[in-house]
Amino acid sequence: MTTISEGPDLSIHIGADDLPFVEIGGGNKLKVICVKPQEGLWIVENVFQAGFQAPIHRHTGPVYAYTTSGAWKYAEYDYVNRAGSFLYEPAGSVHTLTCLEPDTRVWFQMYGANLNLAADGTTIESVTDGPGTLRAYYALAEAQGFGRPNVLVA
Amino acid sequence: MTTISEGPDLSIHIGADDLPFVEIGGGNKLKVICVKPQEGLWIVENVFQAGFQAPIHRHTGPVYAYTTSGAWKYAEYDYVNRAGSFLYEPAGSVHTLTCLEPDTRVWFQMYGANLNLAADGTTIESVTDGPGTLRAYYALAEAQGFGRPNVLVA
Amino acid sequence: MTTISEGPDLSIHIGADDLPFVEIGGGNKLKVICVKPQEGLWIVENVFQAGFQAPIHRHTGPVYAYTTSGAWKYAEYDYVNRAGSFLYEPAGSVHTLTCLEPDTRVWFQMYGANLNLAADGTTIESVTDGPGTLRAYYALAEAQGFGRPNVLVA
Amino acid sequence: MTTISEGPDLSIHIGADDLPFVEIGGGNKLKVICVKPQEGLWIVENVFQAGFQAPIHRHTGPVYAYTTSGAWKYAEYDYVNRAGSFLYEPAGSVHTLTCLEPDTRVWFQMYGANLNLAADGTTIESVTDGPGTLRAYYALAEAQGFGRPNVLVA
């Protein structure tokens, strides 16, 4: 029981241009980079335009967001995410994403599902998760002429 | 950057009698052992009676179940969990718990939330998660004369 | 992005007799149930005899232990794990396992590696992790006539 | 058991200038953003200069790296991480970081510890983990006149 593992030596790189951004409406874009269906992990990169708003949702696992350009905020908070911002959203957090500047770019590393809520803040209208987002990404990529992207599904 | 951490030396033990089983109806019982609200982790121990059935639900994170007595199964599968069984339920799995024998005892280590589904298998009727279950456990324990249990909330 | 995932419907059951306990010396036994090499997760079940002692080690991830029979403790703590005990060991915790009663049986759900320390409590003498333990388990099982066990490698 | 959790509503934002980069030698810099000691999670941002090389190490948990400027690679692989690159390093992966261009900037979200290896690739010379790196960051920040940074320790 005290052996040393050599382990898998398989770091996987996905370069900036290895996967397409698909249009999801209004100039907003989505790239799905990595999904671990068994773990409930999904990693996406979004480009949002000013005025974009995502429905209020609650997370069932923790989320880590890395912003590289533009500006966005949660309607429920005062702070603004800009290039270089890190955001930690624990499981159970509830918020409404609003984009403030054009070409706002963010990586989201998300565990669990987004429970999208009605205006009352409690009724669940839909669920967004990794496998569903991956299916949507594949479909949009093919419809938009990118073929099937080589997402890291681990 | 090559220092060695001494680290926190704080393993926490919860003995079999340190927390009460609360009655949740029909002789079925619940003990909430550990909740990490930020991580979406919750660990419970249940005692189920024959005929108990939990609503069909989908998990948003992985679940690990350790059975120590009795017998239970998912309606969707043939295998039966008995003393010594280990069950792995990946994120996204959907099933309906049915208890087959009296005093069936199981530890569940769960990540994320249970999305309880309507009979159609897709409409979400309610959500069960760690913080909500912890509140219910506190309330039942106090109502049943156990006081407020010292659950590990980390 | 608001589709509902059907998800993988693949809960995996490992019954008490589906995998062998291999002898690791002195009547102490090991069963490796589940390894997720990419996640650093490993789940084992041990049977320890009175007097068994594991080297002092530090964990690099959290550990959750479920005891079903016998008695064991960490030399650094007063409490004793018995049937029905739950033990939480956060990342960074350091301890020396000592078995107090025969046929002590424990499930360990472990994240990361065990850094086995010299008597000085800081020098690392060896590392025990999931892939290395799995290799040892396969080798012992084959040497002891059990063939290659069907461990859940996810 | 079917209550809906309100959950903690506490997303935490760390802006680009909220925490200092400390000098770690040769113009290379470190910012420690978030440490969860119990989980073994640590999130840092580095600025590396061309020629910087980190010792060969093995990870005990998975790592996710987000590059925002410059260029770096692992000596063991051909691909180069540039602005917009995502890198996945599973638990058990072993590699030697080499920086190729000035002011290369990377966020690392790391689970578990880095086991720094001798030239033979197996002997462990030291261990780098979240709590140890946090202590080093605090000490360097104070020595370099930044005071004690308000790292997210969750």
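Letters A, B, C and D mark the chains in the order given here, with residues in each chain numbered from 1 onward.
FYI, contacts are C-beta pairs under 8 Å (C-beta built on N, C-alpha and C of every residue); 3 or more make two chains touch, one makes a residue touch a chain.
This is a predicted model, so every value here is computed, not measured.
*Asks:* Can you list every chain that touches subunit A and also touches subunit B?
*Replies:* The common neighbours are C, D.
*Asks:* Could you let me know which interface, C-D or A-D, is made of more C-beta pairs in contact?
*Replies:* Greater number of contacting C-beta pairs: A-D.
*Asks:* Round to the nearest whole Å and give the separation of the Cα centres of subunit B and subunit D.
*Replies:* Taking the mean C-alpha position of each chain, the two centres sit 34 Å apart.
*Asks:* Centroid from C-alpha atoms only, then distance subunit A to subunit D, rounded to Å. What do you get?
*Replies:* Here the centre of subunit D sits 21 Å away from the centre of subunit A.
*Asks:* Distance from the CA centroid of subunit C to that of subunit D, rounded to the nearest Å?
*Replies:* Between these chains, centre-to-centre, one finds 28 Å.
*Asks:* Where in subunit D do residues touch two or more of the other chains?
*Replies:* In subunit D, residues 4-8, 37-39, 90-92, 113, 127, 129-131, 154 touch at least two other chains, as defined above.
*Asks:* For subunit B, which residues are in contact with subunit C within the complex?
*Replies:* For subunit B paired with subunit C, touching residues are 4-17, 33-34, 43, 45, 58, 64, 66, 68, 74, 76-77, 79, 81-95, 107, 109, 122, 152, 154.
*Asks:* So in the complex, which bits of subunit B are touching subunit A?
*Replies:* Within the complex, subunit B contacts subunit A at residues 37-40, 59-62, 90-92, 111-113, 115, 124, 127, 129-131.
*Asks:* Show which residues of subunit C lie in contact with subunit A when the two form their complex.
*Replies:* By the definition above, subunit C touches subunit A via 1-8, 24, 30, 37-39, 55, 113, 116, 125-133, 135-136, 154.
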